[in-house]
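What follows is a pair of complexes built around chain A, which joins chain B in one and chain C in the other.
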Partner chain A sequence: MNDIFEQSIVSPELIGIREWDRRFASIPAQWLDSCRYLRELDGGTKYVLSPEHYAQRGDLLLRRLKYDNSPAGLRLWSFIFSEKDRLFKAKENGWKIIAAMKDLGQIPALSYAWKKQLTFYGDEMWWSPCFAEDPALLDIAAKLGAGDEFCFVRAALGAFETLTYFPRPDLVIAAVGACCDDLTAVSELIRRRGNNVEYWELPFRQCRNDRISGAVFASHKGQNDAPIHALELVEREMERVRGLLSDLMGSKVTDDDIAINITRINRARALTARIRQLAYGCDPPPIAGLEAFLVEFLPLHYCSDPEEALAVLEEILDLCQRRAVARTGPMDKDLLRIYWVTPCTDTSIVQFVEGLGCRIAGTEYMLGQAFIPIPEDMPPLKGIAWSVMNDAMAASSKMRVDRILGEAVRNRAEGVIISGIFGASHCPYETSIISEEITQRMGIPTLSFDVPFSAGTLPGQITTRVEAFVEMLRERRRNGRSVQ
Partner chain B sequence: MSAINGKTDHMTEALRGILKQASGKGGSPAVGYSCPTFPIEIIRALGLRPVRMASGGISPEDESRGEMMVRSDACSYCKGLLGLLSRKDRSDALIAYVISASCDQMRRTAERISREQNTPVALISFPTTRTESAFGYFLDQLRLATAELEQASGRHLDMEALRGEIGQSRAVAHAMTHAEESAPERPLDRWLLARIAESVSAGELLRIAGEYFPESKGALRQGGVLWIGSAYFPAEPVELEILQNKGIPVWDFSCSVTAPYKIDLADAAGADDPFVALARAYFEYSSCPRVRPMEAFLARLNVTVAQRSPKGIIVFSLPFCDNWKIVPGILREEHHIPVLSLDGNYSPSVLERTRTRIEAFLEMIGSTR
Partner chain C sequence: MRVTCGVDIGARTVKAVLFDVDSSSVIASEVVLENANPQETAQKLVERLCSTVKGLHWPDTVIATGYGRRHCLFADDATTEITCHAVGCRSIFPDVGLVVDIGGQDSKIIVLSEDGAVCDFEMNDRCAAGTGLFFEMACSLLSVDLREAGKLAAEAKDAAEISSMCAVFAQTEIVSLVQSGIATPAVLAGICRSIAKRTSALLGSRRLRGRIVFTGGVALNRGVVLALSKELGQPVSVPESPQTTGALGAALLGIRRL
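Then we have the complex of A and B:
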């Protein structure tokens, strides 16, 4: 085994972008050559590069971050940041490009049953202004009617206008209904700019013990109970989406084709679930919070390459397992355990928290549905409907609260950070409910704040509050008041 | 009197008096509803009294109280509703709430209400799309909500009673149409009439409409401005009072004023299954810009624009009401008519700014008298 691989197990650490530049030369060329995306096109394209390479292309925040010193970690970062190359390459080669909006893992379960198309997460642009340290996408969105009363998802409108992050999609499939108002509004503005947007109805999903009444529930092993009328609607809607995709692709797929794709998706979901268990549960954590953050986004849409996404996840899991056995990781043992709710638009804040002597001990990034296997013991569209019902965005806050409490208790979280998004239609309501429930049922402190766009620097208001919060957690631990 | 000190005439004062008297009336058990996307005929046919939850007027204090339950970047209407329902001096005893999730914030408000109140909440997730599949979902939910109301009240929905209520609603719609046709320059009075309509019988409303909105042969049938926007329930809308004092025609397409009364119930009245036909009428009527694609909403709006040829359109939106926030830009693309995007909330502090903006807009389009 080459030194750099072995070293990443024996002496894991977080290194800066300059250090990765220096060490990059020691990565074996053979391994770099084996990491390729879109292998169906000319044998694929190599993409593992130093983070500086991707920073020079515009994502300047990368220069302020620290990275896992493993090749597997570098592959993960490179895979995420090379997505736009895949999309443009596929388009140039005549493949269809599909944007799935407000879709956290469901439409790809259907669309990747077709070959020669890529489905990407169209509204993932919410993190782009922070990574680019550039408000350009937000400014364009404001000019087109989505100003700063809208959450960062408005950056997607800017991206559809500039087409610098992706080529014009042949089809945009957007969920509306029980999803955020910001995206519902932004999707329509995108449609009105000449994009081919088709909507499907995402129903509200009650929980069985909600005091909101009126539903009859169905149960299925391994899934959350779901209202029957909502399940039936999603199944009908998925059949409609299947028709749209057939028209676009000029071919039909069978239930068996979709079932095969679901099996592949479930593999990605299982890998992600296992990585999360290790990353958030082991001490020391085998990978840091940001690498785990990126992992969580992979099973949503495979970062536009299912085959390579599985390889990336498998390598990260292998890294985590080896480190867990060796009891090593890039961070110290026995750090303060923070549970994180809602993805942070400025990822450097996660590293700031870790730098204060904390580790991430669980997350609820509203992606939980993408870690639960899609049922395979029923017709595939019905299985996808069950999976949609696990989406926290479409559910009452109770589902999120239960998910948070389950993992926070299991991993003995000592504090919860809720990073909100100003203007997002769900944050003003959920933040208080989540905070109240955690305080009542778990008795640990919570800190909530909105993350503003703050190019090139951490917002002082947030750093001060986080520092005070961490100090309080430390004091609680000293006084024996932490969950042990 | 409102904060405006304007030229309100005796008819406005009389309507205020009627509203004050009517809104205190008790009688049959009441059900609170949030939005005209739920057919109130169902509530009435059960022998229950529908009460639009915000109809009594949201005050700035209500909005502040609501802000203690959610964050400041929530929609003012939702915050106001939460504050209103948590008033200690509330006297309306409701046996249930029927809340239409006409947007994400409203859905989450329903959840918050269910946490705060001991009253059952039936939530209708009003579909955003207009497919047959979505209609089936809407119908399913109406049936579930009806069952919930039946359970809460111990009554059973009778189809003949429902048919009768559909007829009553058509009479109410007639009264509201009459008011708009005979007095387009009195938007505040129509707003008051819409509030009165929520508390009196159809026959009584027809009588009031006939008395206070006498047929005016000189009424302007075109021009003026079109008023649309967010659900808005202040104690009294000063914006409409400013417009009324200008004496120009104001056509509205707002769910707080006359839009709910423009649902076409003609087919439902004679249908074999009035429940399904009623659901269909509500489903297909789109006064809300949340419908996707938005063409269904725009088409309905365009009918009013074609009929009335307004010189300008005022789009009123509350903070963080995303689906209305995008409307001004879209209308500017669709029509060659000046559009005023008017922001507002329940705070009196924005009154002078609002007055200045409305007056400047009217001057610009040449609609001042």
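Then we have the complex of A and C:
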């Protein structure tokens, strides 16, 4: 059998948007029909389309990218870019819409215990200007008080004004405390524009060896040690959020309902963790860096449809496993192994790096806690509290460095790229700490740069740095100074 | 005769070097001002240099570097100016440990390991302050010939304080200094010191090793050379032709293709 599914295992490749347009007709209609979001509403809506369909709606960057030639990859892209359709459809059908801000998967662990609501990731707007190749959201944010000095999440402020990416949320739940100052400022600006914003406090997670406050620590298998007072605070805050959600939804959920949701979420986390292992560890990589990038964001808020997100992840995992067995992938073997720190606002940089003869061999996109299962052997809100304490942003940079080194060593990374988010308050101090620690403890080069907004092209300053970095890594490998 | 060519298409100038592989020497080089068509400028420059060498129609290989490297369609390959400056400087000063390159558009530091490989680098971003273009604009404001400015700055007894982090605001500051009666050489010396400070800040916590080599068009400015030496706490070496070290490195890298 040499259909498009089999072809994607035997001859994986990265193809442009025009080529996907051409090949789309060869995808079996039955399979396309089986991919549906929000199945509870009229049996669901078909969404797998050629990337050109989504480009025509405004995400012009899609025209410059290359895509995995598998139907599973196309499904992943389509699922991500159809999220706004789900949000509007749900709203039209009377469902509640909840925006979670500075939330890396905690609130959905609670909120999806309720039916007839969708919880989306409000901060995700940070990548929208680059995908749209249009600074409109940033310009609106600037007029409302969040200019260039703010992180790209200020695009969320613009999106709350235009309401073109999502309908007005019934409730915005935003973390404050141990997170970016600019995120908090943006949340507050959103509240001041008349949105229903409720805050919960994310406490700073000390390390056991900090010994600065006399805090008493607790341990739990598979989780980071955490101060008991911080765990208790988060548990109380989650109880309060549960109350807010009960008021919004007009119904209460039991601990058992939340536990069932957590089990489903853990399934998504396990799938993502396994896909990451294969994508970053196998040679050749079974999927390219950008597909892996999208996968990493799925277990945060499931692109507003947990059931379909699970199906998307299962199909990607199946693809990765089959390619790993067949030792195939869309890129060559033995490419320079790059570890990537902090997600890029302009995702085309990932493909630019790959185009220079590199592959991604691990990432620390500050999403690490979303791949660790939420403990299920305790009351669910306590479990969520443990999960919150795994958030890298709630701890010192050391936690991020340890995560980076763990995976970078395991996958024999030859260089580390740290792409700072222009204006993000944590980037200026954290980047140099991470860079120095990696150089000292692992002895491999690092490259750091901030990614500014640029429509339709990468700034020469960035391309020159990246190319020079790759030349340096290639020379190191030639001289036998990198781990083979 | 086997000849390689390096072409460095920068923001302000185009540089080319012809290298005779057999005699291991530079046989021709030139720097010309950039115009609206750098690719054409570069091609004509290479053709002109070739015409000065008896029997040479075209180099055996051409390597492009600089910001315009990807648009140099007649080149056989392209390499970044970071790698090229490192290779070029090491061929002149084998004990180089740090290259400071300040061109028209940017400034960069390149750290070399003992075996001569690039092991780290840093570039300025966000602002043109600290680049050749900034110095040019300042000279224009002060009505001073660019070629004379470095000499004037080097001879100044004092240096005015230029505190602004932004090239545009720095211009306002320069106007203000002039209006308050500060002598032009002192203002120029202040600008040189400001450029040197910004460049040395790129070093961060990196430790210095070996010789420091200063390249790029700004290395022709004696005032900046002195200020940079002072800022870095050790003398800096300037190649005889600091603008062409990138093109030289490209030509040397071209040998690998033969």
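For the reader, a short list of remarks on this structure follows.
Just so it is clear, the second predicted complex is superposed on the first by the 476 of 484 C-alpha atoms of A that agree within 3 Å, B and C clash if a C-alpha of one lies under 4 Å from a C-alpha of the other, contacts with A are read in each partner's own complex, and residues count from 1 in each chain.
Just so it is clear, contacts are C-beta pairs under 8 Å (C-beta built on N, C-alpha and C of every residue); 3 or more make two chains touch, one makes a residue touch a chain.
Note that the structure is a prediction, hence the values are computed from the model and not measured.
Applying the stated contact rule after C-alpha superposition, one finds that A:Ala185 touches chain B and leaves chain C untouched.
Of the two partner chains placed by superposition, only chain C is touched by A:Gln461; chain B is not. When the two complexes are overlaid on their common chain A, residue A:Arg476 makes contact with chain C while staying clear of chain B. In the superposition on chain A, A:Asp33 makes contact with neither chain B nor chain C.
Once the two complexes are laid over each other on the shared chain, residue contacts for A:Leu144 go to chain B alone; chain C is not touched.
Within the superposed three-chain model, A:Pro445 lies in touch with chain C and out of touch with chain B [touch as defined at top]. Contacts of A:Ser432 after superposition: both chain B and chain C are touched. Counting the residues of chain A that each partner touches, chain B and chain C differ, and the larger count belongs to B. By the document's definition of touching, neither partner reaches A:Asp334: not chain B, not chain C. On chain A, the surface touched by chain B in one complex and the surface touched by chain C in the other have residues 432, 450 in common. Per the touch definition, chain B reaches chain A in the complex via residues 69-74, 101, 103-105, 107-112, 114-115, 120-123, 125, 127-129, 131, 133-134, 136-137, 140-141, 144-145, 147-148, 290, 292-294, 319-323, 325-326, 328-330, 333. Per the touch definition, chain A reaches chain C in the complex via residues 432, 436, 445, 449-450, 460-461, 464-465, 467-468, 471-472, 475-476, 479. Remark: chain C residues 67, 79-83, 106, 115, 117-121, 123, 125, 204-205 touch chain A in the complex. The part of chain A that touches chain B in the complex is made up of residues 144-147, 149-150, 174, 176-182, 184-185, 187-189, 191-192, 197, 199-201, 203-204, 206, 210-216, 229-230, 232-233, 236-237, 240, 396-397, 420, 422-423, 425-433, 450.
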